[in-house]
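You will see two complexes here that share chain A, one where it goes with chain B and one where it goes with chain C.
On to the complex of A and B.
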């Protein structure tokens, strides 16, 4: 279920040239803010949790997930070069699995590592906050990658729809409608962070078993459906 | 003998004798086509969905506000200022820009049609000006339409005419500035990459990430009573720049934490930064198309 050549091509598509700039800019900004906030306020568990929750997990992880998840397959479908890949004797689900693994790896590296660094800068991992949010970022990376990879195979406007989900649904509706939080990757990841750090610093709207089940279901279902979708892909012309 | 067998046939070539419409016409066409394209007009039905949907989403809250203002007895004013509207719906504006700026310029780069434009009697400056103006107009239509809905609603509800007109005019200036700033930023980011997907991500990243960062740091500054720093932080993201300018000069209420918006003095800095960014985007586009696609 893993093809090294496909993986190499995907890595190059994601990290080649200027594209990596967006991916590097976000983590750099997070660490920069962490340093600035630490200098401004000193060690404060509440501030650390707010910043990691509000900026790292709510904005950075979904954005990197969108870029890596849709970027792993979207541009190839967009410019039609996917047909050269599909005409090779490689199973379609294998292509999806490989691209998913690459997308997850990229999202994890660019979101979880800076979260950990920022957490240590902010309060030296007091109350396990840094670890908790790093684990949450790791878990969220998996679900986001699978979800956005599926979007990449379904729609030409995958990036826009991915952003609508990440920014409008999770942030806006999540804060207005209580029920919307149950269907939010961010909250599932937070459930895990809550378990690690304790309820007074991190809080999630869903319980851990529910979150675990939903995470697994979404990831597996999205990957399976993406594999199906790729088996009968029709290439559309430019609109 | 050779002299008699060779002969030039007249196969009816004719030279063009109609009027040449010239550079201004080409520029105007490019502008109107780009503006229509930004709302999916003249393109496939599928590409009309997103811009029209975002336009509807943009106008809907305005209609609701007007309905509520009229339905509540004894109300004297709209519950929301004209200048605050765009700030509340900045995400919709951002998504519109991210989805339409790349379609306006990225495809020309990817399919290498830019050289074809320049085989017409237009110069680099015409292309850049036409695309920039079209994007700004599209954004202005998107942001001004809901304000117009609110203004008409307010007049129908017989709210104070002078008050409403003043607020409406201030809102118009603010969204014009916003359109100029956002349009420039969006086109520069989109013109950097021929891949539409990355263009979308780059535009939205540039709008959302600085905003998230600025708001987070402002929140920390507010929480630690460091209120003097708040007004300066706003300089680092596009939407807070607009917020700052309209707070300082257009009688708006700042969305900064605790309402610590910039004073008139700091507002001048905001205004200068906004103009510098607009001029900078134009210059960046000009240099981008120096060798584009050739």
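On to the complex of A and C.
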């Protein structure tokens, strides 16, 4: 279910594109803010949790997920170069699984690592806040990658839809409307963070078992569906 | 030796019928798929390459269905029409990746690069390649696994004459080796020069099939038609009909023009300006009304 050549092509395509700059810029911004906040307000658990929850997990992780998830396959489908993968005796679900693994790895590296660094800068992992949000970022990376990879497989406008989902649903809607919270990757990830850090500093709208089940279902279903889509993908001629 | 069988195959997109009940068999040697733009060549090749499902009918390779069957790619090599490749790779990296996807190693890639004579530029980024170089690297990527079937969609588009010659030589060699080589083109000369067998497709339908002599005969042994507008159509018609090179003249009132059928093409093209000059008639439009491929082909379909 993993093809190293597909992985290499995907990862080079992801990091070689101009869009990849965002992958470096957002984490740099997070660390920069963390340094500034620490310098201005000193160690404050509440501030640390707010920054990691409000910016790192609610905004940065989904944005990086969009870039990595849609970028792992969308451009190749759009410009037709995916034909070089499809015209090989390689199973299409293997192509999807490999791209998913690359997208997850990239999202994790560019979101969880800076979250951990920022957490340690902010309050030295007091109350396990840095670890809690890092684990949340790792878990969210998986679900976001699967969702946005599917989006990249089915839509030419994957990035736009992905951004709308990440910014409107996860950041705005998800924090305002109760029902939306149950269907938010961010809340599922927070459920885990809550277990690690304790309810005083991190709180999720979803219970941990519910979050775990939803996360697994969404990841597996999105990946399976993307695999199906790719098997049925037709390459039309140039319009 | 491999054979592609297209059996009563149609493909439509919404209510556009791109391929209409086509039956043909593509065997070893070089076959040219000839047809004007929009005829359905790419749709047909995409079905043969497994990138498009037939709406009805079947497309098989040595009896096995091609659609949703990755195993056919052990025998098929595909050279796509589109330019996009992994531009951020060097030519060599790209061909090596293609070899790896077939479970082969660097040596297969080097052999393919040598076949298309691209070794000299293999370490440059594909982004810096000319159109002809891209075409050759695409070719190398399709040849890494030594396929018995090679499918090429409009491979000569945008190539200069020298590159065209080189690719023709290569494809001819592949055909002589007993491979099944199919390429599409909308240019009759190209197909004539290269293909030992020609399949003509027009408006989604299989219009003719045979060697170039047969196709040429179908296209040339017929009257040439011209559409002519002048300052005095009636006087011109009267003067022209007297000459034996003119087989028939029709006054098309709707068009405000003459439709002329000429039997002796060479003589007619000399006659027309002479007659006009000696009668003081000004020629406004002289257009061969069926010299364009479209009408050549519609003639073929009607035949």
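Note that in this section the second predicted complex is superposed on the first by the 231 of 239 C-alpha atoms of A that agree within 3 Å, B and C clash if a C-alpha of one lies under 4 Å from a C-alpha of the other, contacts with A are read in each partner's own complex, and residues count from 1 in each chain.
Note that a contact is a pair of C-beta atoms (placed from the backbone, for glycine too) under 8 Å apart; a residue touches a chain by one contact, two chains touch by 3 or more.
Quick caveat: nothing in here was measured; it's all calculated off a predicted structure.
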| item | value |
| --- | --- |
| Partner chain(s) touched by A:91 [first = chain B, second = chain C, both, neither] | second |
| Touched chain A residues, chain B compared with chain C | B |
| Which of chain B and chain C A:146 touches, first, second, both or neither | neither |
| Chain B versus chain C as contact partner of A:83, first or second or both or neither | second |
| Which superposed partner A:16 touches (first chain B, second chain C, both, neither) | second |
| Partner chain in contact with A:37 - chain B first, chain C second, else both or neither | first |
| Partner chain in contact with A:5 - chain B first, chain C second, else both or neither | second |
| Chain C-contacting residues of chain A that also contact chain B | 79, 238 |
| Chain A-touching residues of chain C, taken from the complex the two chains share | 13, 42-43, 46, 49-53, 68, 70-71, 73-74, 76-78, 80-82, 84-86, 88-89, 97-98, 100-103, 141-142, 153 |
| Interface residues, chain B side, partner chain A - complex | 43-44, 46-47, 50, 91, 95, 98-99, 107, 110-111, 192-193, 195-198, 200-202, 204-205, 208-209, 212-213, 216-217, 219-221, 223-224, 226, 229 |
| Complex interface listing, chain A residues touching chain C | 3-6, 8-9, 12-13, 16, 79-81, 83-92, 231-232, 234-238 |
| Chain A residues touching chain B - in the complex, by the definition given at the top | 18-19, 22, 25-26, 29, 33, 36-37, 40-41, 47, 50-51, 54-55, 58-60, 63, 66-67, 70-71, 74-75, 78-79, 157-160, 163-164, 167-168, 172, 238-239 |
